[in-house]
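By letter and in written order, the chains are A, B, C, D, E and F; residue numbering begins at 1 in each of them.
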Amino acid sequence: MAPPITLFTGQWADLPFEELCGLAAGWGYDGLEIACWGDHLDVRRAVEDDAYLKAKRETLDRHGLGVWAISNHLVGQAVCDDPIDHRHQDILPTRVWGDGDPEGVRRRAAEEMQWTARAAARLGVSTVVGFTGSAIWKYVAMFPPVGAEVIEAGYADFAARWNPILDVFEAEGVRFAHEVHPSEIAYDYWSTVATLEAIGHRESFGLNWDPSHMVWQGVDPAGFIWDFKDRIYHVDCKDTRLRPADGRAGRLSSHLPWGDPRRSWDFVSTGHGDVPWEDCFRTLNAIGYDGPISVEWEDAGMDRLAGAPDALRYVRETLPEPPTASFDSAFSSGSEG
Amino acid sequence: MAPPITLFTGQWADLPFEELCGLAAGWGYDGLEIACWGDHLDVRRAVEDDAYLKAKRETLDRHGLGVWAISNHLVGQAVCDDPIDHRHQDILPTRVWGDGDPEGVRRRAAEEMQWTARAAARLGVSTVVGFTGSAIWKYVAMFPPVGAEVIEAGYADFAARWNPILDVFEAEGVRFAHEVHPSEIAYDYWSTVATLEAIGHRESFGLNWDPSHMVWQGVDPAGFIWDFKDRIYHVDCKDTRLRPADGRAGRLSSHLPWGDPRRSWDFVSTGHGDVPWEDCFRTLNAIGYDGPISVEWEDAGMDRLAGAPDALRYVRETLPEPPTASFDSAFSSGSEG
Amino acid sequence: MAPPITLFTGQWADLPFEELCGLAAGWGYDGLEIACWGDHLDVRRAVEDDAYLKAKRETLDRHGLGVWAISNHLVGQAVCDDPIDHRHQDILPTRVWGDGDPEGVRRRAAEEMQWTARAAARLGVSTVVGFTGSAIWKYVAMFPPVGAEVIEAGYADFAARWNPILDVFEAEGVRFAHEVHPSEIAYDYWSTVATLEAIGHRESFGLNWDPSHMVWQGVDPAGFIWDFKDRIYHVDCKDTRLRPADGRAGRLSSHLPWGDPRRSWDFVSTGHGDVPWEDCFRTLNAIGYDGPISVEWEDAGMDRLAGAPDALRYVRETLPEPPTASFDSAFSSGSEG
Amino acid sequence: MAPPITLFTGQWADLPFEELCGLAAGWGYDGLEIACWGDHLDVRRAVEDDAYLKAKRETLDRHGLGVWAISNHLVGQAVCDDPIDHRHQDILPTRVWGDGDPEGVRRRAAEEMQWTARAAARLGVSTVVGFTGSAIWKYVAMFPPVGAEVIEAGYADFAARWNPILDVFEAEGVRFAHEVHPSEIAYDYWSTVATLEAIGHRESFGLNWDPSHMVWQGVDPAGFIWDFKDRIYHVDCKDTRLRPADGRAGRLSSHLPWGDPRRSWDFVSTGHGDVPWEDCFRTLNAIGYDGPISVEWEDAGMDRLAGAPDALRYVRETLPEPPTASFDSAFSSGSEG
Amino acid sequence: MAPPITLFTGQWADLPFEELCGLAAGWGYDGLEIACWGDHLDVRRAVEDDAYLKAKRETLDRHGLGVWAISNHLVGQAVCDDPIDHRHQDILPTRVWGDGDPEGVRRRAAEEMQWTARAAARLGVSTVVGFTGSAIWKYVAMFPPVGAEVIEAGYADFAARWNPILDVFEAEGVRFAHEVHPSEIAYDYWSTVATLEAIGHRESFGLNWDPSHMVWQGVDPAGFIWDFKDRIYHVDCKDTRLRPADGRAGRLSSHLPWGDPRRSWDFVSTGHGDVPWEDCFRTLNAIGYDGPISVEWEDAGMDRLAGAPDALRYVRETLPEPPTASFDSAFSSGSEG
Amino acid sequence: MAPPITLFTGQWADLPFEELCGLAAGWGYDGLEIACWGDHLDVRRAVEDDAYLKAKRETLDRHGLGVWAISNHLVGQAVCDDPIDHRHQDILPTRVWGDGDPEGVRRRAAEEMQWTARAAARLGVSTVVGFTGSAIWKYVAMFPPVGAEVIEAGYADFAARWNPILDVFEAEGVRFAHEVHPSEIAYDYWSTVATLEAIGHRESFGLNWDPSHMVWQGVDPAGFIWDFKDRIYHVDCKDTRLRPADGRAGRLSSHLPWGDPRRSWDFVSTGHGDVPWEDCFRTLNAIGYDGPISVEWEDAGMDRLAGAPDALRYVRETLPEPPTASFDSAFSSGSEG
C-alpha cells in the first residue's frame, strides 16, 4: 500500500491554515506535516484549549487531510544554540524569546518542546519533527583550535538539555525526529553517530531523513537510511541541485543568497536536483518504512504555487510499489516435458 | 517504421499462457518472446502435435499478438555447464534432467535445443534466444591457478557441443541468439570475441543483446552493438541500476539477494537504471536492426503488474524514429538573391 | 511571465515559409526566428519591397506567430572566412557569391549583413542572429607553428570587417547576436573574451547563446550566461549528447558524419543531450533575460516532424517560473505565543 | 617505531629457501612471511622434527631475517572448496591430495591446517595467513537461480569445517588471518561481515588485509581497515592497476591471462597500481596496527628480481612515521606580550 | 632564478627560535616566514627595542636564513571575530586578551596588527601574512535565516576595522596578505571577490595563497592564482588529502579531530595531498610571482621532523624552472636546402 | 633487454648538431632521432655526398650515440596541406618552398620525402618519422556543411600523393611512421582507421605513436597501441597535462599560446602530464615492440636544458623490464609432503 504523501506547512506559514488546507487538498496531497508557527499550530493552545484543537481537526477533515507528524524546527533550534541572537528573535514566539537572555531563551525553548510533545499526543500524532540547535556548530572550521574536549562538551550539553525533553516525549508516547542539518548537533553521518551515542540511543530520539542536506556534503542519503534503519522516524523530501564544478563555486557557497547562480548548490523542488530519489525510496521500502512521505518545498528559482503540485506528481511517479514475489521464481514453474 | 515491442514471457511462466496473453495485449505489447517453459511452449509438442501448435497460434491471434522469437535459456544453460547440480534440476524439464547424471543431462539438453530449432521453424519464427552454459565459468576468479590451456579447452568444449546443435538450426533456417551473460561461455566483450572465433563465426550463431549484464561489468552496451553489428539477432531490454560508490558495496555483490540495498547494482525495470537506452536505440537504428525489441522484466523492488506497462511506455517514448533526410541539407536550399 | 518560445527556421528552409508557419503554429510555438534563406526571408526585398514585407507579416499573423529575431548565419559566415570555397558557394545567395573571388565575396557578404540590419528594423525586430566567420579558425591546431601576431591579426581582421557593419546596426537600432561556434571568430569562452575586446565591447555586438557547441568543448554553458550576462542577446536551444568515453572516439570526431555512432558527440533534439537545461534556464532567469527562447532543431537520428514538437514540450516543461518571494520568509511569519 | 617489512615467499617457492633468504636479506627486507610449500616450510616436519625446525631458524638468523607469520593459502583453499579438481591437485601436497576424493581432500586439508597452527606455535609465530575455500563461490553469478538458503548453507559449511580448525588454533595460541579474496568464503565487504557472523566473531579468526582484491571490486581498502579494525591480523601489500575504461574491458576480465592488455585490471608490484597506499598506511597507524607489513609480489609485466626491491623501497618511502604531538598545539605556546 | 623556499614557524613556536633556525638551516631552507608568537617575534619589542631586533637578525644571519615575510594569524583573527571566547584566549598574547571583553579584545588586536606592520618595516620585510577574523563566519549554514543585509554588514564591519590598520601598513610601506581560510572574512572565491570590493581594492590588502583550504571546498587553486593575479602577495604551501568518497564522510567532517580516518579530508605535508602543485607553480611562474614559497607544515599523521625536510625536497623537485625561449622556435631554424 | 632511449632533435635544431650530440650524450641518451632540418640532416646531401654522411656518422660515433630513425615532419606536412601559406614558408627548405605556388610546393615536398627515404637507407636506418599534411583538416568543424564525398576525396588525395612516395620507401627498404596529430590526415583513432584503409594497409606505411595528441582528444593511448599493434613503427614520448575542468577552458584552447594558464591542456615534459606512461610501456612490451623510445621534448613552462635529462630519467625509471616466467608458476612448485 502506498504511503501517504504530505506537505510540510513551514514554508507556507504566511498563509492562513485554512487557505493552505484548501491548496494542499486541491493539489491532491493526502495530508499535512503541520508547522508549529504562523497560525498553523500553537502547541500551548492545542494542549489547553479543546475548542482550538477541535477546530484544527475539523479544518483538516473538511479538506480530507490527514496528519501523521507536527514540526517545531524553530523552537527546537533555540534549545542548544549558542549564540542566541537576532536570528532567533526573528523566528521564535514572543513567549519563548521573552527578554532574550540566552539561557532563559534556551530554557523556555526546552519547555516549549515539551509542550509540543503534549500537543502531538493530543492531536493523535506519534512524531514531532524538529531541530536541536547546537552549542558547537560554530566551531565547524576548527580554527581557532578547538580541542576534542570542547566537542565532547557540546554533545554532553545536547544530552543534558534534551534528556528532560525526551522524558516528556516518552511519557506522552511520542517520538522526536531530529532533522540532520547543518547548524544542528547532528549534521552529517558521523555527527549523527555521536549524537545517538550521547543520548544513549534512547528510542524516543530518532531522525527526520531529509536528503537535501546530505547531497552537497557528499553523504549518501540511501546508505544513510540503511545504516540508521531503526531510527528513521520521518521522511522529508527536499532536493538539492549541484552546479557543475567550475573551480570558483566553493562548497560553502560564499554566504551568497539562495538562488544565486554563483553558489555551488541550491535547494530545489523535489525531483529537480541530485538526490537519487528512486534509490532512496527503494531503500525506504527495503527497511519497511511505513510512515508519511512529506514534501518540504524550498526552491529559490521556482514559484511555489507551481512547485508544490509538481513535487507531489514527482513523488507519486517515483515511489515504486514493492513486489509480492521474486522475479526469478517463475523460472522453476515447471514444464510439461 | 517502428519495430514491434514484445514481452519476454520467462518471468511470467507461473501464469497460464492464455492469461499472460491477455495481460500483454491489454498493456499494448505488439507480441511475445515466448519462453519454452511453464505452459508457454513445449518444443517437443510444438513439433509433434499439430493441434497444440495451432492452439498456441490461435491464442496469440485472438489477442492480436505477434511472435518473432522463442527462448530456451534454461535448457541451453545445461548444454555446457559444469557442475550440473540442484540448480539445474530446479529449472529443467524432467525429460531433460532424467537421472541427473551430468553428461546425460548435457546430452539431452543439446537434443532439446535441436528440438527448439525445429519448433521455431514450425512456428514460423527465425530466432531462438538462449544461453549456452559454460564449462569454465567457475574459473572466473582464476584461483586456484588456471592455465590458458584450460580456458581454451572450455571454448573447445562449447564448440564441440554446439556445432551439432547449429547444424540443425541451419537445416531449419533458424538462428540462435546467445545472451551474453555471466555464467555463460560469452559473458563480456572479449569472451564474445573468443566465442565467435571458437565457432568459426558460423552465421547461425549470433547474439541476444541484453545490456543489463554489461553495465555493471563496465562494458559499453552501445559500442557493443556497433562492434558486433553483424551478429545482433535479437534485443532484450532489461536495465541495471548502479548504486553510488560507497566503498562497501563490491561489484560482485557479496552473494546478497536481488534487491538488497547493500548490493552495488540490481536489475530494474527498463528505464529505471543506468543503461544508456537512447544511445543504444540510436545505435540499433544506425546498424539497421529491424527485429523486435523485447522487454525482459526483472525488478526486485517493483510490482511486475505495474512494471510491465511502465517499461513498454518507456521504450515507446525513447525509441527515436529515424529521419528521412540530413538536417543540414536545408542550408543549401537556395535563396532568392 | 513566460518568455515566447520560437522555432528557428534555418533547418526547414526546404519547406515554403507558409507551410512551415502552419506546422510551427500547429505544434504550439509562439513564433519564429526567421532564417534569411530559402523563401523565408530575402533581406533586400524586405527593405525595398513593402508588399513583400507586408505579405510576410500577414502570413505570420494568420498563424498567430510572433517574431523577435531574424538570423543570417550563412551570409555572416562569409564576412571573415578564409578560405572561401565550394562550401560557401553551396550556401550563399548568388548575389553574394557573384564570381566567387574571395575578397569580393567577403565584401558583398558584409554589405548583405548591413541589409540584414535594415530588414530587421523594418520588420520591427531588435536582434539579428548570425555567424562572423574567421580568418584564423583554420589555425586551431596551432601547427605548422602559428605566432601570437597571426592570431592577433585574425581578431583585428574581424574588427575591421565588422565595425562598418555594426555602424549600420547602430544606425538602425538593431543588435547583432553572434553565435559562439567552432569555425567562427568566437568559438569558446576565452575567444569570446578576445572577440569582445577586439570590437571594444561595442554594445551592438552581443551573443546568441547556443550551448550545444559548449558542451563538447567542456565549456560550462550556465556559467557562460552569468559571465557574459550583459551580452546575452538571444537564446538558441540545441542539445549535444556525449557518448560514453570508450578510448576510441576522439573529441574532434574523425570527420565522421553527423549521427555516426563512432563519433564522441552529436547534436540532438533539445532535452536528449547533456546540456544542463534547467541550470541554464534558471541562470537566464537570474540575469533577467527576457527575450525569446528559440528551438534550433538538429538531430541526425530523429525525424524532425516528431522532434520539433518534442523539443517544444521539453522546453515548456523545463523552464521554471520564477518565484515572487523568498521561501524562508515564512519562517518569521509570526506565531500566536 | 617503524613496523618490520617482510617478503611473502609464496611466489618464490621455486627457489630454495636458503637462496631466497639471501636475496631478501640482500634487498633489505626485515623478514619473511614464509609459505608452507616448496621447500620453504613443511608444517608436519616443523612439528615433528626438531632438527628441521632448528635448521630453518638458523637459516633465517644467518641472514638476519625475522618471521612474524607463516602462510598456507594453498591447503586452506581445499578445506571448503567445491568442486575439488585438477587445480587443487596441482597445488596441494600429495599427502593432502591423496586419492583425490573430494571429501577426503577437504578433510585432510582441514587436518593440515591444524598442523599449520601447531607449526606456527613451534616457530614462535602468532599468525597463520591463508585462504578458506568456499562451497558457494561458484554461485557468484546467481544464475541458475540460487536461493538464500543455499548461500546460508555455504556460510554454515564454512563454519562447520573451520570451527574444529580454530579450536586447535586457540589451543596453540595462534590466530588465523583469512585473506579476503575472490574464490573464498569472504571476498568483499559484506561477505566478510557474513563470514565473521557465521563463525560467531571468534577472536582466533581474523583477516589478512590485501587491498589488491578490493580495488577492482570497488571496495575502499582504507575504510575496510577502519571498519574491521579489531580483526586486521596481518597486512599483505599487493597492488592492482585499473586500465582506463574503454567500454570493452569488462570487470570480470574475459578469462584473459594475467598481463593481457585487454584485461580491465591486473596485479602489479606495490606502488604501481591504484591502491591508495598512503591512505591505507595512515589508517593502519590510526588503528594501532603494529604487525608486519608484508610484500606479496605479483606482476605479470615486470621481472621479479627488479620488482621485489622496488616494492620494498616504495613501502619504506610511503609508510609515514606518526607524530608525537598535534601540529596545532604550538599555536598556544605563549608569547611574551 | 629559483624563488627562496622558507619555513613558516607558526607550528614550531613551542621550539625556541634559535633551535628552529638550526633545524631549518640544516634541512636546507633558504629562510623563514616568522610567526609573531612563541619567542619567535614580539612585534612590540621589535619596534621598540633595537637590541631585540638586532639579536633576531644575528640569529638568522648566523644560520644563513633570509626573511621575506612575517605572520600574525592569531592576532589578526581577533580583529573581526564574533564571538570572542576561550579559543582566542588560548592563542592571544595577554596584552591583547586583557580582560577578555570582546570589543576591547578586537580593538587591541587591531592595534597589535598596526604594530606588526611597523615591526615588518623595521625588519625590512614587505609583507605581513595573517587572518582577518569575521563577524559573519558563524552564519555559514544560513540557518536560522540570515538576510543579505546581515552579510553585507559583516563585510562592512571588516572594512571598518581593517581600513585604519591598512592606513598604518601603507604609511610603513608594507602589504597585508590575507590567508583565504574558513572562519575568515574571505574563505573562498566569491567571498574573496566581496572582500576586495568591501575594501575598495586597496593595494595594501592582498592575499596569502594557501591552496589547502581551497581543495576540499572545490575551489581550483591554480585558477585562483590567475584570477587574482594582481593580489597574490605571498605563497604558503600546505596540502590537503581528500579521502575516497564513501558516502559516510561528509565534507564538513563531523567535528572529528585532525587525522581521524573517518574525516573526508585532512591537512597533509606538501606533496602528500590533492593540491595540483605543478599546475599551481606553473601558474605562479606565468603571473610573474617572485616572492618566497613558504612551507606551512601541518600533518596529523606524520612526524614533523621527518616531514619538514620531505616537504622542502618535494617543493624543490616540483618547482619548474621557466624556459628562455619557445620550444617551437627551432622548427624554423632553417635548413641547408 | 631494455630498448634504446633517443632524443628527437627537432626542437633543438637551433643548436649545431655537434653541440647537441655532446649534450644528449652527456645526459645519457643512447642515441638520436635526427630531424632533417637545421644543420642536423640534409637529406639530399646525405644521399649525394659521401663525405657529408660519413662526417655525420663520425660525430655520432664520437659521442657513442646510435640512430634508429630520422624525421622529416616539416616537409611531410606540405605534401597534402591545403592551404599552403606563410606557415609552411617559415619551416620548409627554400628548395622545397621555391616560388610558393601551392601545387609546386606539394610536388617538391613529395619528392623531398622520397629523398628522405633514400637518406634513411644510406644511413642504415629503417624508419622515417613524419607528418602527411591533409587537404581536409580545415573542415574539422564541419561547418559550412561538408559532405561525406568531400571527406572521402581528402583521403583519396592523401593516397594519390603518398603512394608514389611509398613506392620509393619500399624500394629502399624503409618504412614511414606517420605521427597521428591534429592537422594531419590521421589525427585520432577512426581517422587512422580510414587512413590505413585509404592506402590499402600498405605495410610500408605505419605509425609513430605519440600519445600527447591523444590524451586531450580523449583517445586512450594504450588501447591505441594494442589495436594498431602491427603498425606501431616508432615511439615518441611527449606528454600532455590537462588542467582541472573549470568550465571556462575549452578543449580547443581558444587559440591561446602554449603555456597560457587559461588553456585546458598543454604539452609538457614526459612524466609531467596525464599520459598513462606505465600502462603504455607495458602495452608496448606486450605487443613485442622493440624499437627505440624517443623523447620529443616540448614544454612551454620548463627550461629545456633541465627538462631533457629529467625526461630521460623518467622514462628509464618507468619502463618495466618484462618477466621471464609467470608469477603463479611457483604455487605448484611442489612440497615435501
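Please note the rule applied: contacts are C-beta pairs under 8 Å (C-beta built on N, C-alpha and C of every residue); 3 or more make two chains touch, one makes a residue touch a chain.
Every value quoted in this text rests on a predicted model; they were computed, and no experiment measured them.
Novice: Which chains are in contact with both subunit B and subunit D?
Specialist: Output, common partners of subunit B and subunit D: A, C, E, F.
Novice: Starting from the defined contact criterion, work out which chains touch subunit D and subunit F both, please.
Specialist: A, B, C, E
Novice: Using C-alpha centres only, name the chain that sits farthest from subunit E.
Specialist: Of all the other chains, the one whose centre lies farthest from subunit E is B.
Novice: I need the rotation angle between the copies subunit A and subunit F from a CA superposition, between 0 and 180°, in steps of 5.
Specialist: Copies differ by a rotation of 180 degrees.
Novice: Please tell me the distance, in whole Å, between the geometric centres of subunit C and subunit E computed from their C-alpha atoms.
Specialist: Chain centroid spacing, subunit C to subunit E, equals 46 Å.
Novice: Take the average of all CA coordinates in subunit A, do the same for subunit B, and state the distance between these two points in whole angstrom.
Specialist: 45
Novice: Taking each chain's centre as the mean of its CA atoms, how far is subunit B from subunit E in angstrom?
Specialist: Between these chains, centre-to-centre, one finds 62 Å.
Novice: Residues of subunit D that contact two or more other chains, please.
Specialist: If we look for residues of subunit D contacting two or more partner chains, we find 74, 90-91, 144-145, 220, 223, 244-248, 258, 262, 328, 331-332.
Novice: So what shape is it, when you link every pair of chains that touch: line, ring, star, complete or other?
Specialist: complete
Novice: Taking the touch rule as given, give the residues of subunit B at its contact with subunit E in the complex, in rising order.
Specialist: My answer: residues 244-248.
Novice: Which stretch or stretches of subunit B touch subunit A in the complex?
Specialist: 10-14, 36-39, 42, 44-45, 74, 90-91, 93-96, 112, 241, 243-244, 246, 258-262, 267, 272, 297-304, 306
Novice: What does subunit C use to touch subunit A in their complex?
Specialist: Residues of subunit C touching subunit A: 220, 222-223, 225-226, 276, 278-279, 282-283, 285-287, 320-324, 326-337.
Novice: Which part of subunit B faces subunit D closely enough to touch in the complex?
Specialist: 74, 77, 83, 87-88, 90-91, 136-146, 148, 151, 154, 181-183, 187-191, 194, 214, 216-220, 223-224, 227, 245, 247-258, 262, 264
Novice: Touching residues of subunit D toward subunit A in the complex: what are they?
Specialist: 144-145, 328, 331-332
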